[in-house]
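In what follows, chain A forms one complex with chain B and a second complex with chain C.
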Partner chain A sequence: MTRTWAGRIGFYTLIAVLLAFFTIPLLWLAAAPFTSDPTYEVRMPDFTFENFQTIIEHPYALGSLVNSLILAIGTALLVVVLSALAAYALSRVRIPGRDALLYALLLLSSIITGTAAMVPLFQLAIELGLIDSHTGLILILTGGLLPAAIFMIKDFMDATPKSYEESARVFGASPLQIVRHVVTPVVRPGLATIAVWTIANVWGNFLMPFLLLSDVEKQPAAVIMYTLYTEGGQANLRVLSTFGLLYSVPVVLMYLFVSKKYGFRFHGGIKR
Partner chain B sequence: MAQVTSPPKPAEVVSPAPARRYSSDAAGLGRLRAGAFVAPALALIAVFLVFPALWVIYLGLTNYRLTGAAAAEPQFVGLDNFVKAVTDPEFWDSTWLTFQFVLGSAVIGQVVLGFTLAWMLKDRRGTLKSVVEGLVILAWILPSAVVSFLWVALLDRDAGTLNALLGIPGFAWLLDHPMLSIIIFNTWRGTAFSMMLYGAALGNVPPSHLESARLAGASGWQQLRDVVFPHIRGHILTNLLLISLWTFNDFSPFLLTAGGPDGKSEVLAVHVYKVALQNGDLGYGAAISTVILLINLVVAVFYLRLLRSKK
Partner chain C sequence: MAAIELRGLTKVYPGGVKALDSLDLTVPDGEFFALLGPSGCGKTTLLRTIAGLETATGGAVVIGGRDVTGVQPGGRDIAMVFQDYALFPHMDVSDNIAYPLRIKKVPKAARHAKAAEVGARLGLEQLMDRRPGQLSGGQQQRVALARVMATQAQAFLFDEPLSNLDARLRLEARTFLKKLQRELGVTTVFVTHDQAEALAMADRMAVMEAGHIRQIGTPAEVFQRPANTFVAAFIGSTPMNLLDAVVRGDTLEVAGCKLPVPASAEGLLTEGEKLVYGVRPEYMTYSAQPVDGSLTGGVVILENLGASHLVTLDVAGVLVQAVVPEGHEPALGEQGYAVPRGDRALVYRDGELVTA
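Then we have the complex of A and B:
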């Protein structure tokens, strides 16, 4: 009896400590945006919405969120379309050297990180005139995300029965019609997953836009956030807290959406 | 970081129909069209992923600079940059700091904390479990620029919440203990992945084995050692390799301390940025990137072999 009691007290104490460790850093983000004159210390907010007014008046805040959106959506479109096409072909047609290609792609995408490739990517962007270009950044981000995306979507394709395609073919549909009208609807959950995954990645990415976009008007929220707290003078905590919250909310919504719809757990690749 | 979860699969996974009369090319795509489908993706990967990796090796062998004479006409200098690196104490300092960062925040911090959380929440359902998991995952999914500033605010010397809670105003965490700060920060930031991985792994341990161990009078630690660890050994190795790789390449210490003060938290990721893009020594920076690339390669090959051997 005493042992279970001691065990319970130990359990709840440890949980409380861990909960505090993970919660305390986040409190500021929840409280400061609604406090009239926020400091670094977490205080009970007085539930004002004036700080959101300062965001609307800020010259770059809202624009940077739009930039983040452009980069995220642009990259997601490109990644979804290109990875789906490639994965479908790789799943259905035995292209010579397919397995070696997939193995090489998986290897490359895991070792060529932003840190390892920042010097050549920066130089490549200069040579190709892609500095300060959203298109250039989208292409670079797409190149980095595609291998993993092809891998994930190919799993969906492999798991899709071929009988639909076979029957469509029997009825005389052309291969392109089959891909558009038969395959795409069937793998739609997979495509949605890749889209959400890409958007989340690009939305949070700091290093690449920081390296490749020097024009403040074009920088996404990640870079503006960093500029707000590192540029000289006293940091404007009203702007910072509120902007940080606005920038974070879409990520949280996406997480809730994904975990509600699919469950946010581990499957396949990782678990093997 | 988000790229670590493999995608959720539809609940029903239908096994591919056995190939009968038709080949597996059910839509009749043919090799030519298949090639055309694959080509655009491969082209982008080649230009923006493979080429940079090869180019970094070449750049590391030149004296290329951001500005000045060596920018216009870079010269081939052979292994000079690598010789410079191995004789440069700053490079070794940075490597040592990176080692501390990976060991402290990934191998010790995230693994221990992630496993502890997964083990404690294993048989629980309900609010407590979802609240704890939700908060740990929140720390992982929020944008790095936001969480970095949250920690700047938390650790602030005069007005930070931590010093107020501990009653030690004026304690300069980021100035006096920058490595400790980024290690704790990254532990907080990345634990979610390990927690979820171990959560999934512990689900694979047969409850009957644990039950018989318990009936035989095994203590909690003995159950862990004799029943649980043998079952999840593969997951532990996977976890260690992946989080070490990510932590090794993580740029977010830059957002918290920018490598300072005096390079005391300048891990290799930040070191490359400073050398190549702030000081403009692209050739030397590329040489250090090549070293990073090689280390990544070793870890990744090891990991892929592990995956293959399990299949």
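Then we have the complex of A and C:
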């Protein structure tokens, strides 16, 4: 009896410590922007909006959030459309070595946008005139995320009964009509997952925009964040915390919205 | 409305599996036709080849006088009900039924009016804005039927239309399907592995085995005169008695008993020939008193079939079954005499029916 009690107390203490480890930074993020002189500790804020005023007056801060949005949404659109088409084809057409191809893609994807390919990617972008352009960055980010996206969405495609498509085919639907009318709506939860995942990925990506965009006006929030220092070279906690809050709100909102709208369930026709 | 004609239809899968071996078959206009066979016999492949979902390796598919062998499924003017009904889970019943019309670019109002009309005919009025996930199996089947009816195709193809329903619903759906097909008069081919279903519903049927058609005929023909021992063993809810026999003069010696040569084989047998004697348990007259020309043995098993009993006799080590009406069932261990009906008993030589 006492031993189980001791065990339980120990267990919950451990959980509490772990939770605190993750909660304290979040609490800081919630409190610091409203504090006039934030430090590294979590304190009750004095509810000032001065920090927000500073951010609004900052020449690049708000623009960078817009840049982040452009990059994230542009990449998400491309990734969703291309991965859906590719995954559909890979799921439905039998080609020898298909699985090997998928795994190879997955492996390579982590290299493409990774540190290892930094120099070649930079050179490639210069040669193609894609340096310092959102389009170029979107293409490169898309390339990096596509393999994993194809891999994920293919599972959803595989789980869709073939009879749905065959049925549409017998009624005379063309392959594109089948994809639009039947496959896409059925795998919509999967597409939503991919879109959210892509946006979150691009939103948090620092290396690629840092590398490929030199114009400060085009930089996304993740890069601008890195420039928020005081004149003395110290991290400017007032601006940093406020900007950090603004930076995280869209992502949190998106998760809530998508999970409410699509859920992640599959309303199938028949039990199998 | 159109006849379906198959000429030398062959389907070989990559890897060399021959699913259909040069099949010839004609389904006349308006007929309700069953493709029956054990699993893996090629019946579903045949249906899918008619639909165009599989491409024929050889031969031709002709629907309504038009060779459609190389035509895409959508251009064949046929409609198909899949085994899982393949209702689109994200569309409501009305959109599901109207989907074929949407492909044909029928305006929205017109196609929903048509869906409502067909839906009402199948008793779906109350369900038109439900999703397939909210329907029972029987309702889903009716939606799938409504959807093919909305196409006004020349021919319908049903893949195991009843196998997703539970046993009681299946009987109801069987009657319903047959009535519907009769009313619509559309040429319909359906696939089933259940011989009772095929016998009950079809106007004519083909029994298939390993890519070949073993017999084509009306349910009565197939039931009463199976063309070979495969069909004989496959058809019937109680299996046919298939007993080794030897010709002795003008009688057959079966399990030590002397039986008259059946009417169908008279004059076609040679002395001393080894054959298989076939008679359905339903075509046996059971008697507790000794009778001439009977299979005689002790009653070893009694099975209740409801309004009748299936009696199994041990005739010199060979098990013979007979159906006995209620009230006349023997006791276990009793000596029984089963007399085959002369006009229903059959003789098979090398597995094929001996007949004039």
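In this text, the second predicted complex is superposed on the first by the 205 of 272 C-alpha atoms of A that agree within 3 Å, B and C clash if a C-alpha of one lies under 4 Å from a C-alpha of the other, contacts with A are read in each partner's own complex, and residues count from 1 in each chain.
Rule of thumb we're sticking to: a contact is a pair of C-beta atoms (placed from the backbone, for glycine too) under 8 Å apart; a residue touches a chain by one contact, two chains touch by 3 or more.
Just so it is clear, the model here is predicted, and its values are computed rather than measured.
Looking at the shared chain after the overlay, A:S163 reaches both chain B and chain C. If you count the residues of chain A touched by chain B and by chain C, you find the higher number for B. Of the two partner chains placed by superposition, only chain C is touched by A:P185; chain B is not. With both structures placed on the common chain, the touch criterion links A:F171 to chain C but leaves chain B unconnected. Once the two complexes are laid over each other on the shared chain, residue contacts for A:G143 go to chain B alone; chain C is not touched.
Contacts of A:T4 after superposition on the shared chain: neither chain B nor chain C is touched. In the three-chain superposition model, chain A touches both chain B and chain C at residues 161, 163, 166, 168-169, 182, 267-270, 272.
Across the complex, chain C is touched by residues 161, 163-164, 166-174, 177, 181-182, 185-186, 188, 267-270, 272 of chain A.
Across the complex, chain C meets chain A through its residues 51-53, 72-75, 78-80, 82-91, 99-100, 102-104, 131-133, 137, 140, 151, 164. By the touch criterion given at the top, residues 11, 14-15, 18-19, 21-29, 32, 39-42, 78, 82-83, 85-86, 88-90, 92-95, 103, 105-124, 139-140, 142-148, 150, 152, 155-156, 158-163, 165-166, 168-169, 175-176, 178-179, 182-183, 189-190, 193-194, 197, 200-201, 203-204, 206-207, 211, 221-223, 225-226, 229-230, 240, 244, 247-248, 251-252, 255, 258, 262-272 of chain A touch chain B in their complex. Chain B meets chain A in the complex at residues 1-10, 13-17, 19, 22, 24-31, 33-35, 37-38, 40-42, 44-45, 47-53, 55-56, 59, 64, 113, 116-117, 120, 128, 131-132, 135-139, 141-154, 156, 158-162, 164-165, 188, 191, 196-197, 199-201, 235, 238, 245, 249-252, 255, 258, 268-269, 272-273, 276-277, 282, 285-286, 289, 292-293, 296-297, 300-301, 303-304, 307, 310-311.
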